[in-house]
Amino acid sequence: MVDSAVIRARARWPRVIFAVSTVPAAMNGQPGGLAVRRKEAEDAAAALGAEMRFFDVGDYPLREAPEVVDRLVHVYREVAPTVVLTHTLADPYNGDHPAAARMALQARVLAQAIGYGAPGEPLGAPPVFFFEPHQPEQCDFRPDVLLDITPVFARKRKAMECLPAQEHMWEYYTDLAKRRGVQLRRNVGPNLGLPHNTMGEAYVRLYPQVTGVLS
Amino acid sequence: MVDSAVIRARARWPRVIFAVSTVPAAMNGQPGGLAVRRKEAEDAAAALGAEMRFFDVGDYPLREAPEVVDRLVHVYREVAPTVVLTHTLADPYNGDHPAAARMALQARVLAQAIGYGAPGEPLGAPPVFFFEPHQPEQCDFRPDVLLDITPVFARKRKAMECLPAQEHMWEYYTDLAKRRGVQLRRNVGPNLGLPHNTMGEAYVRLYPQVTGVLS
Amino acid sequence: MVDSAVIRARARWPRVIFAVSTVPAAMNGQPGGLAVRRKEAEDAAAALGAEMRFFDVGDYPLREAPEVVDRLVHVYREVAPTVVLTHTLADPYNGDHPAAARMALQARVLAQAIGYGAPGEPLGAPPVFFFEPHQPEQCDFRPDVLLDITPVFARKRKAMECLPAQEHMWEYYTDLAKRRGVQLRRNVGPNLGLPHNTMGEAYVRLYPQVTGVLS
Amino acid sequence: MVDSAVIRARARWPRVIFAVSTVPAAMNGQPGGLAVRRKEAEDAAAALGAEMRFFDVGDYPLREAPEVVDRLVHVYREVAPTVVLTHTLADPYNGDHPAAARMALQARVLAQAIGYGAPGEPLGAPPVFFFEPHQPEQCDFRPDVLLDITPVFARKRKAMECLPAQEHMWEYYTDLAKRRGVQLRRNVGPNLGLPHNTMGEAYVRLYPQVTGVLS
Amino acid sequence: MVDSAVIRARARWPRVIFAVSTVPAAMNGQPGGLAVRRKEAEDAAAALGAEMRFFDVGDYPLREAPEVVDRLVHVYREVAPTVVLTHTLADPYNGDHPAAARMALQARVLAQAIGYGAPGEPLGAPPVFFFEPHQPEQCDFRPDVLLDITPVFARKRKAMECLPAQEHMWEYYTDLAKRRGVQLRRNVGPNLGLPHNTMGEAYVRLYPQVTGVLS
Amino acid sequence: MVDSAVIRARARWPRVIFAVSTVPAAMNGQPGGLAVRRKEAEDAAAALGAEMRFFDVGDYPLREAPEVVDRLVHVYREVAPTVVLTHTLADPYNGDHPAAARMALQARVLAQAIGYGAPGEPLGAPPVFFFEPHQPEQCDFRPDVLLDITPVFARKRKAMECLPAQEHMWEYYTDLAKRRGVQLRRNVGPNLGLPHNTMGEAYVRLYPQVTGVLS
């Protein structure tokens, strides 16, 4: 299986294209069909206008290793993402998710270090967002950001449809986007006039938001 | 003592003037000098371009009562604030702070109800921010917003200086703004180029942030 | 509005009919139409084979008062429920929910006291379950029970349809039941062979489960 | 020392014999006497009607390694346990306990994966229970299950008595069972009529309970 | 029933006699026998060398009222306790315990206020300790202090024996003291050489410890 | 950079000199200048009357390895510290800090084991304190100890001044000591009469405090 984290991340947030490339990619845990899955992932990325990087770090379970982290540091330095999306740090249903997240976070911090031996400028401090797992409450996922994806939802849907083997997930994520959209409208200030069919995504921040305006 | 919540709230976020009026006001817990304190509070508010409302609900401890909540609902409906700032819901050093916060929050929800008997339009859902208490860790204050107040700090300082009896607090809050400013700069994305003397304030959100852009 | 807690509780768990009567009832927060709402609630209850008790304790916000608690104690003693369903103790969107829950819980403990002046036997210790709020993560709702409601879902749907003014909620709760059903199937042991269309409800326990068998 | 997790697990829950074999086994941290300890463990298991597996993965501290996890996956696939008992994930007094638990949990998830290379059917989703550590509050052990072990306590006691070197623990665990039994009786519903000498064990669930009946 | 908080508090910590008088006292929830219970409580207090204050605020449930808090403020000012012991703020089994604790804490803060109208000097900031409830984990009781009561345990036992109606509790608290004593010995530094029969009590602090030496 | 943990630890608590040697030392993450940094660290230690151990375990990120833990066990056995100071276990800004802390804690537990192959007596149970990170709230740092360092602050300042490259930190830590000193004075009992310029440090305990006196 191609790592769905990458695909979903792109699907969810197509306006910051390069950020997603910094999430650890392509852990193939199933025998056979890898080439097909890779192609699907690339199609989905293309639908979003994003680019795909495959790490091919091997079998399920995902091996957490310094070399993988180092390769991620190189991607961070090359791409200089403005945001990072990754899995939650807790997930009792899939140990690969926290492992991928730990490496994504460790590489981000190393990429910031002046002395780290990788080409490119030291990274700034791009904000980190955890995206929603299947069983959010079991993963300590308490959303502190509700993102309005109404204007880009059609593109996200198109990207999802590049993955025919996961057709049952298309409706699941469409329903989820509706539910988060309903919540978004209940949490919004008075002047936005959001439409009934608002579509949303929920995120958890790792670091405090930095802003010049409270809203 | 005039309720410092109001003053500090205005001082901290002068660009949304009317919001602060929705925070419960003017609990005088000390005999004598009330007129002087009231005048100081009005001067501080004026320095911020804000307006002051005194509720005069009586002595320390703050009495948590339906009538006070109802008066707050009226203010919400009249002012239609775009943000609400209030105390933390936990504070083992001062029970008046959580009591004020509970009333501010209850009134905000009631002001949203179509059926509530108070003039004006039903309130939208203005975001709520808890501001920083003196002993943040003991009040479960884990900042999720760092606000850059560099451009308005001089005005905040001027407002604080309207309270001569609290002179020792002037330096305290200036130091705090520096410390939060240092943290702000460490959490900021790569392109902002913040100056060395960045001044900051820390906040905790009650509700998830609603946004169209992750940043 | 008739208190939806009661209706939903019955709808969710029709096999223990009397238990729901111990949940605080009938808080009417809207002017007019009370008789209609009452009738709808009774119809919904009838669809479940349950009985309805109206407390008529007055307007929104719900008044938390010793007399209401005392009336609840009488109901507990009369009904001797084997389970109690109520709202979550935290809900930043609706203060009436925690208020109702606090009274339901206080009355339950008082009904257990031998010395309490109400007819009937002292209550045992019926387990307490919090049912799912609209924004579960903001209400500290981390499910520890997933209830299979597949065999009774049709009846729940019928009960919901007795509330025509809340038609938009019919689909919402049907979708939610599907989503919780999917999670239920992922958490189930090996031998149950649950069908694809499993419908579920999520709950949080207040007290530890007591059992003679681990499963 | 033979890993007490296995022994205690069997001792605690003798009615699901094979489940315990899935807990990581036999970490010998003390020089000498291993053969004696092994014999004692087998006697204790026999007293419970359970079977013992020794992994002999070496010295204290327990080495957390992919090969050990893989061997555990094989046991899961072979035994197909209906429940899993293991240590808490936090234990500041003994790092081997969380290490054993992490491997037990990782292996359980891998054993569920269709593509994992081990004989036998993919595992279902047996519920996981953490058993009680010596200093429960320091290990974030907040019981959500109280198991009535009155009918099998005599057998548990007999199993404990197979470990003469730990004689001081016999009384300790008997007292603990009494204390948990008292709590069990206070949390039980009205109709069970539990006797005064109820013996209990406390557990924490990792995953939500799946059930068709609320009780 | 005489409020056991007071009695136990004295029994547990006889060396700071007056502190216990600041805990809310004497809530009689049972008809008849009050005089007997009062006498027993006074005997137990005398066994500890402590003095008893009865508030007689009426029936179960404990009424949380400003007048009771005010009376407590007067006691604080009169006694000037150096420590305060009270119930946990969470207790799903007995709502009177948190109610008593809330009043004890509110009165303590008010007694510190210079402007509060009660005779005596403003109170300092005596540390607050929550003592152990019957079901500690359900009351969020995570001990951060283990008190060695070996030298005074005999006196505590004698005080408990002044309450013949609670004879079953004598062994319970003796066993508990042993269990906490075992934990105490496991957490102690290298040089104390504690005996095998160490008796202990567990507490949770509300405020940070203030000290001149780390130990 | 020489690991600042060691330096700060010594600087903060000079009266227990040998304890700091048990914290993992000397992780050099920057090219060049190591000799200079080493010299500065030794000067700072000397200013405190403490001794420095360098582990030279290599580059940033800190490698978490059994050999490093084993070397730490040897230091524990040799020094027999009465307290241990280390980093917080959570730090989203610097992964080396939790890694160092995990090794310090694992080694401490192993040093207690009778069977562990290292010279010297088995360690007792020295209390563990986490010292304050730069962004305490993001590191789950909720102080439960406030240490009065007024009498030794001058020496701490002198030690800091041995690190000229970190001059901006001198004021930072001096300001922090003032702020913690203010909090210390607000949490102190009535009879201590602390001066206005009290300097403090905040700590979090890992294990419960063991004491013979509540204060």
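We just call them A, B, C, D, E and F in the order they show up, numbering each chain from 1.
Criterion: a residue touches a chain if its C-beta (ideal position, glycine included) is under 8 Å from a C-beta of that chain, and two chains touch if they have at least 3 such contacts.
Values in this document were obtained by computation on a predicted structure and should not be read as measured data.
At the interface between subunit D and subunit E, two copies of one sequence, more than half of the residue numbers in use are shared by both copies. In this assembly, the chain whose C-alpha centre lies farthest from subunit B is D.
In terms of the distance between Cα centroids, subunit A is separated most widely from E. For D-F, the equivalent interface among the listed pairs A-D, A-C or A-B is A-D, as over half of the contact pairs agree by residue number.
With centres set at the average Cα position, the gap from subunit E to subunit F is 35 Å.
Here the spacing of subunit C and subunit F, counted between their Cα centres, is 51 Å.
Annotation for subunit B: residues 93, 138, 143, 183, 186, 202, 207-208 touch two or more other chains. Listed by chain label, the pairs that touch are A-B, A-C, A-D, A-F, B-C, B-E, B-F, C-D, C-E, D-E, D-F, E-F. Against subunit C, in their complex, subunit B makes its touches with residues 105-106, 109-110, 113-116, 206-208.
Residues 93, 134-138, 141-143, 172, 175, 179, 182-183, 186, 202 of subunit F touch subunit B in their complex. Interface residues of subunit F, counted against subunit A in their complex, comprise 29-31, 60-61, 92-95, 138. Within the complex formed with subunit A, the subunit B residues making contact are 13, 15-16, 80, 82-83, 85, 123-127, 129, 143-148, 183-184, 186-192, 202-203, 205, 207-215.
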